[in-house]
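In structure tokens below, several structures.
Paired with chain B in one complex and with chain C in the other, chain A is shared by the two complexes that follow.
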Partner chain A sequence: MAPSSSKDSSSDSHSGHPQVSDPALEFLIAEIVRYAELSCPPEGPDEEHSIIACEMAAAKLERIGYSVGYRLCERLAQTKTFGTTAGASGNSAKKDPAAAVAASQLEAVKFLCKEFWIEVFRKQIDKLQTNHRGVFVLKDSELRWLTRFPNNQENARVTAIQLLAFPCGMLRGALANLGIPSVVSCDFLTDQQNMASCSFNVKIK
Partner chain B sequence: MASAAASSTSAVAGGSNKGAAIATGSALWNRVPKANAELFALTYGALVTEVLRDFGDDINAVNEQLDKMGHSMGVRCVDEYLAKLSTAAPPCSKFLDTAEVLAKSAFKMFLGITADVVIHEGTEGKEDSYSLIMTDNPLAIFVELPDQYQSPAGEGQPLLEYNSLYCGLIRGALEMLNMRVECKFVKSTLRGDDVNEIKVALKEVVAEGAGAEYQEE
Partner chain C sequence: MTILCLAIVGKNNEPLYLCDCDFDKENKEDSAVNEDDDIFGFASETTKGAESALSLDNEFLMYAALDYLEEALGIHPGLPSRRQTGSHWIGYLCPMGDAKCYGYATATNAKFIAMATNDVSESKLKILFNSLHDLYVKHTMNPFSKIGGKIVSSQKFSQGVKDAVAEYKKSINQT
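Up next, the complex of A and B:
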């Protein structure tokens, strides 16, 4: 899947599918992270204040991400239908509506892991886990935007966590666009040294 | 590659480096990794919305903030540009040389578009300047400005410049080449003009080399 998609993107550069360079997008996102940080200065000298400021900045990034994800998903999902119209899940809908809902949610999350993620990061989510009760864990072993952060540095880690609020927001926005309200949080995968590997926990409300 | 190097030397003599700039631009474009332009535009749009939300009615501050972000992006873009060049860069020693390089190489490398250049030779008492004319604007796809931002609220009122990022980008990039410039969006398709025109005017050439504090004793 991954090699074919990269081939598509190179051949697309001449056709209608518009592209910009990756550094341009990366610089823009770096600036957004910096803007979020600067526009939420801590209100006092205490550690508590700076934690609140961090949270405010993350919320801001999350909000920006939400609006990006919501709109991007609208574009990408134009031609897609989820769940109920397909034959197999249509049958199961008659038997058990809850199962049908779960099936269409799974399908929506799969869409995000594949098409949506490829559009944003040019790769799929590496691993998708679910408990079939509305909790999904999406693991990406190499998130493009985090690959340039140095390992084992506390301040790089803090910034990386802030930056992750952006894709979190994008996921939440994309799901909201598909009619699925959710809560998304993220974490680094601690079993690896590599900072770029992270997981997104999606909990459907 | 050899021909590119040769044309770059001739460009310095000739003053018109358009052909070399186009070749460099498409070579660089083929080399850089790509990202979805819609994602880029939507991200910028979300940012502008957020900045507007923060600054509210202070349109000048919004423009300034966007310009400032463009500036630090521009500074980094120069590094990226020079790092990706495979041949020696055609030297932009004169201000007007930068026009074609910006329009044909740098815009192509970062945004996948090219711009047309109109040079306004400096006359007595007026500084050199040029206009970059773009028909495509990757920052503004999907964008439609609400009425209140289309025209000034009153006489002398500031106007939201959605594309301020470009001005900052150019300002930042040229600052790295020791040129202090002033950048202004003269025409914008978002306000109903048929093209986008950025006017770049040279203010000052900053002296080469490190500051006085670094001089050898």
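Up next, the complex of A and C:
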């Protein structure tokens, strides 16, 4: 997640590519999850309360992710031009306007799958599916932040799902900055061996 | 030849940063903003960080130019977009009295407008816009800045704008 460090090194944000150590980042992410959990303690002893507390922690992580995604997107889109983002470059204006909007959305999501994801996770999204009506499913079979989780443990599963709220928020923030309001949810596609497989459902409002 | 004022406008056309570019004059005259002149309260807020705010006349001119810029971005159906692939530069927007307005729009739809007096050098203006864009990105990357908020209290940002404008004026004078 290189650009997050370029916040401080204002001098050479373009020439040298400042980098962050991978373990340090993973520890930080783990701490953020723990912080979110601790800052939303359950208000009562019931199971219902603890579920609400869990939801609140996830919402908090999602908001942190939103902020990160929004800002990161500004940086990554600095040298980028979206040909059809405005919805009306020469050709597409003549076409159906809805088709032009869909094309610009697809372009933005592709940008997230490639450049954005590479910047954060050093790999592309493995699979992108869309129904061309504003729903995108982004599948990643090996999310870097989840690779260290132990298999077959219920509490690891719970934490992993909570952690996934962060990249969800990042996607939502990045799309918001590109002018596309959306709702992002995630699924945890674990089989018994692989804990790191997950999918993100992006629904454009 | 010289540049009169600058505006940075967000993706929902909210004003983020407005300033007059005659930084040398600012201390001599009307550094205190007359409150009657400033019905929208931009000047009094911008003065905190930027010392020089946009005069009311220029403010209205900037909003007029913003309409032209939006048109050039192709938000109205039927009007072609003037966005070029590989460049954020939009170019000449409209005349404003004896000045001209130029526009620049990022991929995230933040809009930059500059008003300059006639026979302006476009290539140098492009450099100015690029450095403004860089400043804007750096400001956005600051985790303590407010998303979509006005850029008011950032010393670094306003100093950066001043430096960029000074650089532009210098390069103009050299030719």
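Observations on the model:
Note that in this section the second predicted complex is superposed on the first by the 179 of 205 C-alpha atoms of A that agree within 3 Å, B and C clash if a C-alpha of one lies under 4 Å from a C-alpha of the other, contacts with A are read in each partner's own complex, and residues count from 1 in each chain.
By definition in this document, a contact is a pair of C-beta atoms (placed from the backbone, for glycine too) under 8 Å apart; a residue touches a chain by one contact, two chains touch by 3 or more.
Note that the structure is predicted; figures quoted are calculated from it, not measured.
In the superposition on chain A, contact of A:Gln19 is made with chain B only, not with chain C.
Look at A:Ala156: by the touch rule set out above, it reaches neither chain B nor chain C.
Of the two partner chains placed by the overlay, only chain C lies in contact with A:Thr81; chain B stays clear of it.
Touch criterion met: A:Ser39 reaches chain B, while chain C stays clear of it.
Touch criterion not met for A:Ile52: it reaches neither chain B nor chain C. Of the two partner chains, both chain B and chain C are touched by A:Arg71. Contacts of A:Val101 after superposition: neither chain B nor chain C is touched. In the overlay built on the shared chain, the residue A:Phe27 is in contact with chain B alone; chain C does not reach it.
Shared contact residues of chain A with chain B and chain C: 10, 13, 67, 71-72, 75. Listing the residues of chain C that touch chain A in their complex gives 11, 73-75, 77-81, 83-88, 106-109, 133-134, 136-138, 140-143, 147. Listing the residues of chain A that touch chain B in their complex gives 9-10, 13, 18-25, 27-29, 31-32, 34-35, 39, 60, 63-65, 67-68, 71-72, 75, 119-120, 122.
Those residues of chain B that touch chain A in the shared complex are 29, 32-40, 42-47, 49-51, 54, 65, 69, 72-73, 76-77, 80, 109-112, 138, 141-142. Against chain C, the residues of chain A that register as touching in their complex are 3, 6-7, 10, 13, 67, 70-75, 77-78, 80-83, 85-90, 93, 97, 177-179.
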